[in-house]
Every structure is written in C-alpha cells, then in structure tokens.
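What follows is chain A paired twice: with chain B in the first complex and chain C in the second.
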Partner chain A sequence: MAQYTLQINGQKLQADVEPDTPLLWVLRDHLGLVGTKYGCGIAQCGACTVHLNDQATRSCVLPVSAVGTSKITTIEGLSKDGDHPVQQAWDEVDVPQCGYCQSGQIMTAAALLKRTPKPNEKEIENAMNGNLCRCGTYHRIHEAVKVAATKTN
Partner chain B sequence: MSIVPHTNRRDFLKLAAASGGGLLIGFNWTNAQAQPAVLDATSAEALAASIEFNSYLSISPQGVVTIFSPNPEVGQGIKTAFPIVVAEELDVDWKQVKVAQAPLDTVKFQRQVAGGSGSIPHSWKRLRQAGATTRQLFINTAAKRWGVDATACTTNSGTVIHTASGKKLTYGELAEEASKMPTPTDVPLKDPKDFKLIGSTIRNVDNKEIITGKPLFGVDFYRDGMLFAVIKRPEAFGLKLKSVDAVAAKAMPGIVDVVTFDNSVAVLGKSTWQVLKAREALKVTYEKEAALESTADHDRIFDELLNGSTATVRRQDGDVEAAFKNAAKVIKSEYQCPFLPHSPMEPMNFFAHVRPDGAELIGPTQTPERARGDAAKFLNLPQEKITVEMTRMGGGFGRRLATDFVMEAVKVSALAKAPVKVMWTREDDMTGGDYRPAVKYRFEAALDAEGTMIGYKLRGAGINAGNPTREHNFPSGTVANLLIDSAEHKSPITTGPWRAPITNFLAYAEQAFLDEVATAAGKDPIAFRLDLLEKAKKSPVGDVKYDIDRMIAVTKLAAEKANWGKAKTADGKAVAQGFSLYYSHLSYVAQIGEVTMKNGKPELTKIIAAVDCGIVINQSGARQQVMGGVVDGIGHAMYGNLSFKDGAPEQANFNTYKMIRMANVPAVEVHFVDNGIEPTGLGEPALPPTGGAVANAIFKATGKRLYKQPFVEQDVLKGLS
Partner chain C sequence: MELQEENNTQALASGRRDFLRLAGLTGVGLVLGFSAKASGQKTSVVNLSADSAAVLSFELHPFIVIDNAGGITLINHRPDMGQATWQSVPMMIAEELEVTLDQIKIRQSDGLRKYGEQLSGGSSTVRTGWTRLRQAGAAAREMFLQAAATEWKAQKSDCYAENGKIHHRPTGKSLSYGELVEQASALEVPADLPLKAKKDFKILGKALPRPEIPAKVTGVAEFGMDVEVPGMLYASIERSPMIHGKVVSFDDTNAKKVAGVTQVLKAERKLPYKACESVAVLANSYWAALQGRKALKIVWDNGTLAEELDSSVYAAKLRAAVAQEAPSYTNLGDVSTALASAAKKLDAVYETPFLAHAPMEPEVAIAHVKEDGSCEIWAPVQGPDGTIEQVSAYLGIKPEQVTVHVPFLGGAFGRKAYLDFVLEAVYLSKQTKTPVKVIWTREDDIQQGPFRPAMLSSMRGGVDEKGAITAFEHTLIGESISGQVFGFFPEGKPDPWAGEAISHEESPYAIPNLKVGFTRVKTEIPIVWWRSVYPSNSSFGHESFIDELAHAAGKDPLAVRKELMKDDKRFLNVLTLLEEKSGWNKTLPAGMGKGVAVAKSFGSVCAHAFFVKKTATGLVVDRVVTVLDCGMYVNPDNVRAQTEGNIAMGLTAATKPAITFAKGKAQQSNFHQYQLLRMDEMPKMEIHLVENEEAPGGVGEPGLPPVAPALCNAIFSATGTRIRTLPVDLKKLV
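So, the complex of A and B:
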C-alpha cells in the first residue's frame, strides 16, 4: 500500500492503495466518485473515460502510480452544476436510455470539443467510436455532440 | 373498477423512507475522501407531509405531485412513461411532478417486472384510473367546500375550477381534506383526443442524475462495512468444482474471507481491485461432470435434429405432404445463428445483507419478486422478512430476468455473515452463461403454378432453446397447408431469454426465407406478403393470432415512407431495398433496409421503420426504443458471435466479441401508425425484423443470400469491419 495525493476535480485527494490499482477503482471504491463506470476493464468500451490533463483517458487501465501530478477531471467535476455544454446537449437531445455508458460518452465528447470546437461528422465519429452504447443511442450521441458544439463559441 | 384504498400516513412514510433510503442512493459530495455511504432519505422529509392517494401517487400541501413508478427501469423508459400516464389523467403540469422508483411491494402493485415488453399493456388502464380517480376526488372535495355540484367543476394544471364563478383551489390546498373523502368509483377516463402529455415529447426523468454521474446503478451502491466479492466460476460448461486451495489468496492484502458454494469460490475483501487480484491467486481444480461441447459439435447436432424424427409438432394446418407433392416449385433453405451473451454495459452485480432474521437485497433486477422468492426459499425465511430495492439498471436485455447473480450475493453474504456486494467482471459476464440459445431452422415452401404459396414447413432445432418457433406468427394463418415443429438438444451451456426471445433470430430467418419465396414466385416481396394477408382476411387458415389489418397498415406505411422500389441515391443510382415485417410482443413493425455498393461491398445506409404500438405515450422514449432496437438488431446480426471450444466460450470481452459502434450505424427513420389503439410495448418489437431487412437489402444489392449470423463472417461481407 502507498499514499497517493491526486489532483481530482480541482481538489487534492488522498488514497492509500496498492500502486497497480487502476485509477477507475481508486475513484469508485476509495474516493466515492462513482460516476466513472466499469464496463470492460481493458480499454475497449469507454465507460471509464476521465480527463487526464484534458485528454480523454481510460481510467480502467491507468495504474494510480502512473497518474503523478496530472490533473484529473471526472464526470462529477466536469461542471459545478451539471451545465457543461455537453451535459446540456445530452439532456436537450434526450440521449440516455439506460444511461450507464453516458458519463464516459460525455467525457469523450467534452475532450473532443476542447480540442476541436467545431468537429465535422467524421471527427465526431472517430472520437466517439471507442465508446460502446449497448442501448444503441449512437444517433442521439452524434446529434448531441453537434448541439454541444453550437453552445461552445 | 377497483380502487386501491387509501393507505394511512404511516404506511406512506414507510414507503417514502424505503424508496428514499435505498433508491435515492447518494453520499456527501463535499467529503469525497470518505468511503461512500448511503445518506438517509434526502427527500423523505420533504415528502413526509405528502398524502398518498393510491399506490401510484401522493400530493403534498405545497402541490408537489410524487408519482411512484413500480416497475424496474432497465433503459426501456418505463420510469418516464408510467408517470406521464398518471399525470395525464390527474391533469397536472409535468413540472409539478416528481418521480420516485417504488420498491418491491406485491400488495400495492402487480407485475413489478421489466420483461416481455409487457409493462405498458399491463398497466395502461391501472395508471389512468389511478390518475383519473384522484382528479375526481379533488373535484368532489372542492365542490363540497364550495357547496356546488361536482359536475359544475373542471380541472386544469393541478387546480379545480368552478366554471360558473371562476373559483379555484389547487390540489395542494385540497389534499388534506381530500384524503378524508370517499374514493369515487367508476370514474370516466379522458377522451384520447384531449391528451396533453401522452403523445408529447418528454425527456428521461433521470437525465440530470445520469449526466452528472450520480450513483443510480447497482454497482454504485456502497455501504460502510460492506465487503466486496468476486467469484471464480468453472471455465467451461460441464465442469464441476473438485478442490480449492485459498491459502495464497487469503494471505493477500485486503482479503477478509474465501467461501465456497455450489461450483463457485468467492473472494471477499475491502476493495474491488484487491479481490480481483486475490482471485487470480486461487488454486482451483475441476472435474468433468457433463459433455464439454464445442461449436463443431453443435453444427453436427443441428443436422441430426433437423433430419431426425424426434420433433414436437407445434402447429399443423391442412395436408402439408399433399401440398408439397403437388407443388410446381419447392424452395428449401436453412438459417443458423450462434449463442449470444446479453452484454449489458453494467455487468451483473448485487448487494445482499443476510441476517439471522431477514435479508436486505439491493441491486439491478428485472424480476424483484422472483429474486425475493428465491432468496426466501434458500434462506428458509418468510418473504416479508426480505426486502428488495431496485436500482436503475445499466441495461438488462433479459439477463436480469434470471436470479443467479442475486442468489450468489445471498449465499456469499450468508456464508460470510457480512453485507456483501458481488461484482462480475466483463469476462465473468460474457462467459457466465444464460445466453441467447443457438438455433438452426429449416424452411420449405411449396408454390403452385401461379406462384401461390400452398405449403409451408418450418423445423426449428435449438440448443436449450425450448420451442424455438413461434408457431402462430405470420405466415401461419395465411397458408392452407402448414407444419411447424421443433427439436431440442439439452446442453450444459446455460441459456435464457435475450431481448425478444427466439424472435430476435427467428424473425430474420422467416423474413429472409419469405423473400426467397417471393423471388422464386416472381413477385415483389411486399406484394407477395400483402397478397397472403389479403387472402387470409377473407379466408383465414386456423387461428390467426395477429391483427391482419394492422399487419397490412404497417407494411403500407413502411413502403410509402421508403418510396419502395423507386428510391434513388443523391446521384441517381437505384437503392437496393429489403423488406421485413414482424409482429411480436403485441406490436407490429415493418422495416425496409437500404444498401448501396461501395468499393464492391454492400453498405447499409438506412433503415426505415414503421411501427404500430398503438398510442405513443412519449415520442422521445418511443423513438429511442425503436432506434435502439434497430441498432441492436443490426449489431448482433452483423457481428454477434459466441463460439465454444471444449465447453468454454472463445470470446470473453469486447476485444474479441465485436459490438456495434457509432461508425457502423446507418441512418434510422422511425414512423408511427396513428390509430388510437391502446398502447403496447416497445422494448423488444423493433429488434426482430431488422436482421431480415438488412439481409434482404444485401440480397437485392448483391444477389447473395445470408443464411448464417454473424453476417460479417459470410462470404458476401467478408472484409467489412
């Protein structure tokens, strides 16, 4: 076990865990940030997506020991009041069905828009293709990314 | 009409506390370093002043309407749809409504199940009556206070109005007094033309919580002192546990206990990662208990069953042998599909706390009542000593109709004498059984000289599939001479219902075969089906268990919307179209797939879906179910494949088991038949016809039939990603 001080959602949070513990499980089991979801454990589904220095990152395969001083943002810290343009768009377009994959989808979309504020169809598809949605909400995810892009100058 | 009597205030508080305490699972966000814990019911205090008028709704003196949704929410949108129906008849603004998930309560509710697309048809009238009766109660209460006749009063947006004088009282102002009034009986329901909420576009009631990552799902449930558990199960179907050496696992950090039951070894500890690592350190041996079957064995077994004499007759009309003897042309084809895992994004998990005098169960289940019954039986406790709280489910697709994962949590908790959350990894979930059964069908059709189908035979061969036919579905009822039978192989590989059980594959096979028959008869595929249906209308053969007019109407709507047979691409090229039509779970769906050739390969560009589910309750939710069903139908037909080697699945995670992704999805258009008929379910019916629409469009484009799923492994599509 080792002590880690992590920069998460603008706060310094401490966790006493083994070095190989994936960030996903540190967030969920130790820090109470359960919006980040487990889906596959091998970076294939995107449910565990967080931002690591603004980059969409799969937290299920990222050992906590590799995080260092990187800035982590989880779905809980994406906005203070749940009103990030991507979150607003997700509600307006009424994307969620079961909802389980959606925090990962939102984090991927938010990272895309940070990097590419006005993505074209192909850029949206490429960015979102790593995130599985078993309910098949892909059309609305695509639409919501476009709506979110109109909200971010 | 029957009305649930007013329950007393104490009962309601119990309900509010139970639903708040377990289902509004949450913890203190300002203290993020602490172990997550369940707060006391955050809304119980606010709701405490509410008065319950029936099982479905309560109203506070401030006018807040709380509508309880009793059925499990699995992504089918029931937690939004049910309250819309109650609120419609109650005549309140949607903004006034709060929705809460009710816990399992078989006294207050019937059929608290998410399955069979049955929630809406079961509850439609009950929900309307609950709303309408309460509305009438408020009218009666206001009329009494004003000393006027109730018929002189009306309502609008949660307010009773005396039309002549313009006097008004809100439901909140009337709530206390209304709760002491007699419940009206035989209250008329609204004329559907006056619906304001039903048929409008209403967003998922849990959107805010979902998009901000609030703890809603079973896996998000944490409690102080709870142990985490993962289970090692046999790697192949047909093996049983022989020995367990847990010494090394128990010595690992954070591990509290290792318990063994049935063929399972559970590792309990203080965090998910610790128990996952310790599970790897278990030394477990197994011995063979039954045949270790491979996919090659199943291929052989299918042929034995299709050619054998053990089939059970499911339906027989006319003289099928004579029809085939007299046929001008006979068409014969076989269609095959593999096993499929359900793969909900949230893997199986459940929390159980078994105490000597009772048990508490919390988690994602489509069948809470069955879960309680199974737990009661195993623990030898009366049912009332066991509580079941339903969390939102990260998908189910039928997997959560089973209770194996609930019972694992119960057994582990009982053995370890501790509150336990059992978590399945994706690999556990994909290799853990309860699959969509593998099936092979043989179809035969006899045509006379005019191209009329005078004979039809279907034999289904399934592996743990029960009856893999739906013998009364179309084309049954339209063919004079028909024989449908089936045979089954019992396998150690476990199977269960998978979204649109049996029809999720049967519909594709039937609709692809009918396309072959239409082609052989030299007829347009839609005209061929319409011809059968029109003839059956005049002279049905045996039982017809679907509505022929609705089949015809939904077919015509699809044809019209897709511009059937005349569709062109933007650059003027003909679009290859394929038609499919299916009736399941009381709803009617016709689909047309469109394919264009790209680099010599067929590319699916669009699915046009025409849907008759009667009255559409929520435009947004209904469209989601159809689009999701179509995407699911394409995905599993194109890519889904779980194969076996010596009893073990050869795919265990999404790196080897391909799921449909955004880049694979064509455009999907949804059109509803507007016929005012009472609503039916939508969680399943849009899926079955999709495979047929895709396969028939690919045939139109390439001249090649697809006889086997997954499509991408067949020659015509090889090389497509």
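So, the complex of A and C:
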C-alpha cells in the first residue's frame, strides 16, 4: 500500500492503495466518486473517461501511481450545479437511455469542446468514436455535442 | 417529478400505515390500489384509505397515494433499464388523474407479490398498464369530483378536474386534491369509468422530458454497480472457462498474498437448471479481489466439455436437423403437394449465431444473508418479484424474508432477468456472514453467458407460372429457451414462445400453402432471451426468404409484401407508408441497393427500408427508414429512441463478430473482439410512427427483428450476393 494525494475536482483527496490500482477503482471504491463507470477494463468502451489535465483519459487503465500532480476532473466535478453546457445539452436532447455510459460520453464531449469549441461533424465523430453505447444513443450524442457547441463561446 | 430513494421495502411489507408514513402521508390520504386477482386489462381499483385496515391484506396493494397537500406518490412496478418506465408508468396515471408530472414522486416496487407482475420484459409495461393505470387515475379523479360537488352542494356535472384541483364552472371556485382528500377517501371507488379518447390526451402522446435524465447527466443516478453497503466485501469469481467444469483443486497461496484479500473459497453459480462450480476471492476492494483471482491456480475437470461446447459442432447439428419433420404453429394447405407442382422451387438455410447481451453495466449484485436467516439484495434486476422467488427458494426461506432493492439498470436486454449473478452473491454472503458485492468483469459477461441462442431457419417455397407465391415453409431449428432454462418443453409440440413474429397469426402472408414449425436441438451452451428473443433470429430467414421468392417471381419485394398482406389493415398500412416515406420506387443511383423487411412482435408492427451503398472500403448502410405501428404510445420521443436503439443493436448483431465456441471456450473476451457498433457506423435514420387508436403494442423490442433481413435484402439488391449466414462483414463486401 502507498499513500497518494490526488487533485480531484479542485480538492486534494488522499487514498491508501496499491500503486497498480487503476484510477477508476480508486475513484469508485476509495473516494466514493461512483459517477465514473466500469465498462471493460481495457480502454475499449470509454465508460470510465475522466479529464486528466483537461484531456479525456481512460481511468480504467491508468495506474494511480502515474497520476502524480495531474488535475483530475470527474463527472461530479465537471460543473458545480450540473449545468455544464454539455450536461445542459444532454438534458435538452434527452440523450440517455439506461444512462450508464453517459458520464464517459459527457466527459469525452466536454474535453472535445474545450480544445475544439466548434467541432465539425467529422471531429465530433472522431472524438466520440471511442465511447460505446449499447443502447444506441449515438445520434442523440452527436446532436447534443452540436447543441453544446452553441452554448460555449 | 422527483426521484425518491427506495430504502423502505421492509416497511412497505409491514403494512399500510408504514407505507403511508413513508409516502409522506401523515394525516388522512387517498390510497388506491388494485386487487391482485385482477390481471391484464380487466382490473378493479380498490380504496385502501379506510383507517381500520391497519395492515394491508395480501391481495391489496397501493399504487397511488395522495396526501393532504396534494402530493402524489406512486409505485413504478417495472425496473427501468433504459426503456423509460420511470416516465411511462406515471404518465398513464397522471393523464386521467388530471395532475401535472411535477406533482408526482416515484418509487420502485420491491418485488412483493402484491404489486403483481414486476418483470421488465417482453416489451410489456405500457401494454399491460395502459387500461388499469388509467382506470386508477380516473377513479381517483372521480372521487375528488364527487367530494367537491358534495362540499359545494353542486352538480358534479358543473365541476371539472385540472392540474390537481377540482373547479366549479359556474362560480369559478376551486379546491385542491389535498383539500378534498379526507372526503374523497371515504367514498366508494366508482367502477367502469369511461377513459379519455386519444384526442383528449393532455400528457400521453407528448414528447415530455424524462424525469430521470438530470440524474443521469450529472453522475448521481445510482446504478447497481454504484451501491455500497456498510461492511461489504467485494468478490471476483473465477468460473470454469468451459462454464460447466468442476473444481478438482485450487491453490490460493498467491491469491492470499494480495493485500486486501480476506478469503478465498469454493463457490457456485446457480443456473436455473444446474449449479456450476467456481472459486471466489473476497477482498476489501474490488481491485484486490480481482488481483487475487488472477493469482489463483485452479485445476478443472472439464470432462467432455471441449467437444460439447463448440459452435461449429452445434451448427452442424442444426443443419442435420433440417430433414426432420417439425411440429408446427401454422399448417395451411399442403406445402409439399404445392411445391411438387410449383414452376419454381426454392430452398435455403439461414443461420444466426450465439450473441452476448453485453449491457454496459456488467452483472453485479450485493447480497446480505443475515443472522436471522433473512436476506437483503441490492441488484440491477429486471424482475424484483422473480428475485424474491429465486433467492428464497435458493436459501430455503420464506419470500417475506427476502428484501430486494432495485436501482437503475445500466442496460439489460434480457440478461438481468437471469439471476445467476444474484445467487452468487447470496451464496458468498451465506458462507461469509457479511454483505458481499459480486462484480463480473467484462470478460465474465462475454464468455460465461447465458447467450442469445444460435438458430437455423430452414426455408422452402414455391412460385407458380403466373408469379404467385404458392408455398412457404419455415422451420426454426435450435435450442428451446423454455426447455433449457425452465426444463419445460412440450414434447411433440413446437416451443411455446418461438412462433412469435413467424406464425401465420403474426406474419399473415396470404400464401395458400403455409407451414411454420420448430425443431428443438439441445445445446450445453447456456442460452436465454436476448432483446426481441426468438424473432431476433427467426425474422432473418423469414423475411429474407420472402425476398428470395419475390425475386424468383420477378416482382418488387415491397409490392409482393403489400399484395400478400392486403387483408391485414395494419401491415398493409405500415408497408404503404414505408413505400411512400422511403421513396421506395425512386430509381437508385448506381452502386446503391435497397431492402425491406417487416415483422410483428410484442404487439407492434415494424418495417424497415435499408439503403446501402458500395464504397471502396466496403458496403455502407446509408439510410434506414422505419415505420412503426405500436398503436397508441406514451412518449413519441422515447418510442423513437427505443427504435434507434433497436436498429443499432440489430446492426451490431448482423454485422459485428458473434460469440463462437471452440474447444469448450468462448473465443471472444472483451470489446476488442466482441465489437459493438460505434458512432461512425450509425446510418441516417428516419422513424415514422403510425397514428391510430389501437391498444398500445410493445416498443422496446419490435424495432429489432426486421433489421437483419432488411439489411441483407439491401445487400442482395446492391451486390447480387445473398447473405444467409450472420454476421456479415460489410467491409468485405466490395
């Protein structure tokens, strides 16, 4: 076991875990941040996506020992009141069905809009293609990213 | 609408008073429920308000509670796995009750039998709730109307209900439901009230925002995977790669060296018909449990499983059964005689593979078997009532000793109505006397099953010299879900469920010599229902072969379907609309193809037109046009969402790698091999809903069955290649 101090959602949080523990399980089992989901464990589905220094990152394959002082943002910290433009757009378009993958979808979309505020169709597709949705909400995700882009300056 | 934590099942069980208290009802209230004896569309609404009935009788259960502030609590009796029962159930009640949705609090039912059938399955929530839930709402509204009329000494006909109030038309005065609740609760429940016609709906049929969406976009919606219980241990379980293998011995030396691992024990996975052996590693974190599991050394006795669990061997068995005479659902005229005199005779075999459900949330369950012998469950299950039944039977305790909490389901598609993963947690909790959370890995989910069965459709047909289809025979061959899972298979008869979408009742092609049958071929590979169940297999052969016969007759495939369905108003209407909306009769550009298929399943008729185009890198699905007749519906936007999902899941099933077994093991383990459709592969979709006043049909599944045949008929149109075995790799069709 080793003690880690992590910068998560603007706070310093401590976890006493094995160094190889993926950030995903540190968030979920040790810090109570369960909005980030487990889907595959091999970075194939995107359900575990968080921001690492504003970059969309798969937390299921990122050992906690590799996080260091990087700033982590999870779905819980994306906005104070759940009103990030991407969350608003997801709500307006009624994107989720079961909703399990949507934290990861939203984090991926928010990272995209941060670096490319007005993405074209292809840029949306390329950014979102790594996130699986078994319910098949892809068209609504695509639409919601476009709606969110109109809300950000 | 407000989501309420479901943390009170125990109290719910203990009686009406507790229920009322938990519903926020401190004083007098109006409580309406149903008689459990009433099932289906015929129902009787019962007033449970009388204070003398301190404990709710077994047959009576509250569905609606209205307190003296006008607040309404109601039970959603069907778990939400993405199909939106959190909205559809309240909307049906609110329409007749004349309340707005924001006055409603929703609670998930807990599986107690008094809530009746609680399985989310068979696309049945709206279909079975449509009349009874609206009747309950109407009964409450009428009681408020009567109470107000009495209070005002007015004519009831001068009063009307709106937004949770009764208004007096001549004077303009009003009283809220909360103000009237005491008087209303003393009244008899009026029977046989007329329900609103579709044209008068204020809520039903409107695309209202879903109440649980805000929780699902902020990460606060609680899924089964997210539940934590004080003192719980995490378990990761190593099961035989050959599913049914037996544990000869295991070495847990290294597993126990993993920090956090507390215990390693032999465990079991109870399938409905047998128990499989496994070894479980328990730890104080999931990651530790998983690392411990990876460090196990287990010797398995796999017997002859390497030969028995082989999908190629099974496929050969299905082909060998083609020659067998099959018990039939439909047997009109005489197919063999008609074929003997047909100008053109066709026969073909269509094959569909095993598939995993792969909900994004893998199987997960927490169980706590307590010292007093009772058991508490927290798990994303499709049927809380079935969970109580199976857990109590497994432990040998009474159903009343089992409490079930159902959070949101992170997808299910049929998988979470199969409760092996819940019973694993129960087993481990019983052994360890602690709450245990069992989490399946994605590899467990994809490799351990149960799976959508692989099946074969054996087709024969004939066309006469005038181009009329005179004979059609479909024999569906495969394992019976009912037979394997429940040990129920009526020998000498076809499977009880497998006629869906293909029997003449649901596929009313006017072909004079028509036979539809089923032959059972057993497998040891565990199977279960998968979104749309048998029609996900059988529509492929059924609707592809109609296409083959149309081409043999030299006719347009859509025109042939219209001609053969001309006596069925709803099928004909769906096909006619599809022809118009899709621009079916327009000439396609070079390199494009079009295909159509139609199927009725779970009470709804759905037809797709697929348009595909050839590209340098393979065939691409350009556009899908859909017409769905699901009768009256609750939320058109959700009907479209479900249909989009059905098309995506149907396309995944038709074009992405299947589950194959070789030498006893599933050959796919995670999403790198068992690939799902991604965003860039989504075709354009146009979904048209038929407007009529028919009783509601299902929505969660009927969009899926016609996907594969419409796609493959379009592939034939574009390339001349007839696809008879799924999956088809579109990239290889150049």
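Definition applied: the second predicted complex is superposed on the first by the 153 of 153 C-alpha atoms of A that agree within 3 Å, B and C clash if a C-alpha of one lies under 4 Å from a C-alpha of the other, contacts with A are read in each partner's own complex, and residues count from 1 in each chain.
Here is the rule we use: a residue touches a chain if its C-beta (ideal position, glycine included) is under 8 Å from a C-beta of that chain, and two chains touch if they have at least 3 such contacts.
Keep in mind it's a predicted model, so treat the numbers as computed, not measured.
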Taking the superposition as given, does A:L31 touch the first partner, chain B, the second, chain C, both, or neither? first
Tell me which partner A:L132 touches in the superposition: chain B (first), chain C (second), both or neither. both
Touch test for A:L6: chain B only (first), chain C only (second), both, or neither? neither
After lining up the shared chain so the two structures overlap, which partner does A:S103 touch, if you call chain B first and chain C second: first, second, both or neither? both
Taking the superposition as given, does A:Q14 touch the first partner, chain B, the second, chain C, both, or neither? first
Partner chain in contact with A:A149 - chain B first, chain C second, else both or neither: neither
With the two complexes superposed on chain A, say which partner A:I72 touches: chain B (first), chain C (second), both, or neither. neither
Using the superposition on chain A as set up above, list the residues of chain A that contact both chain B and chain C. 1, 17-18, 20-22, 25, 28-30, 32, 34-42, 44-45, 47, 74-76, 82, 87, 90-91, 94, 96-103, 106, 125-126, 128-142
Which of the residues in chain A end up touching chain C in this complex? 1, 17-18, 20-22, 25, 28-30, 32, 34-42, 44-45, 47, 74-76, 82, 87, 90-91, 94-103, 106, 125-126, 128-142
Chain A touches which residues of chain C in the complex? 81-84, 209-210, 212-223, 225-226, 228, 234, 259-260, 285-288, 291, 358-362, 408-413, 439, 441-442, 637-638, 641-642, 644-649, 670-672, 676-680, 682, 685
Per the touch rule, the chain A residues reaching chain B in their complex are 1, 8, 11, 13-15, 17-18, 20-22, 25, 28-42, 44-45, 47, 74-76, 82, 87, 90-91, 94, 96-103, 106, 125-126, 128-142
Which residues of chain B touch chain A in their complex? 27, 29, 32-36, 73-77, 201, 203-204, 206-208, 210-217, 219-220, 222, 228, 253, 271-274, 343-347, 392-395, 397, 425-427, 620, 624-625, 627-632, 635, 653-655, 659-663, 665, 667-668
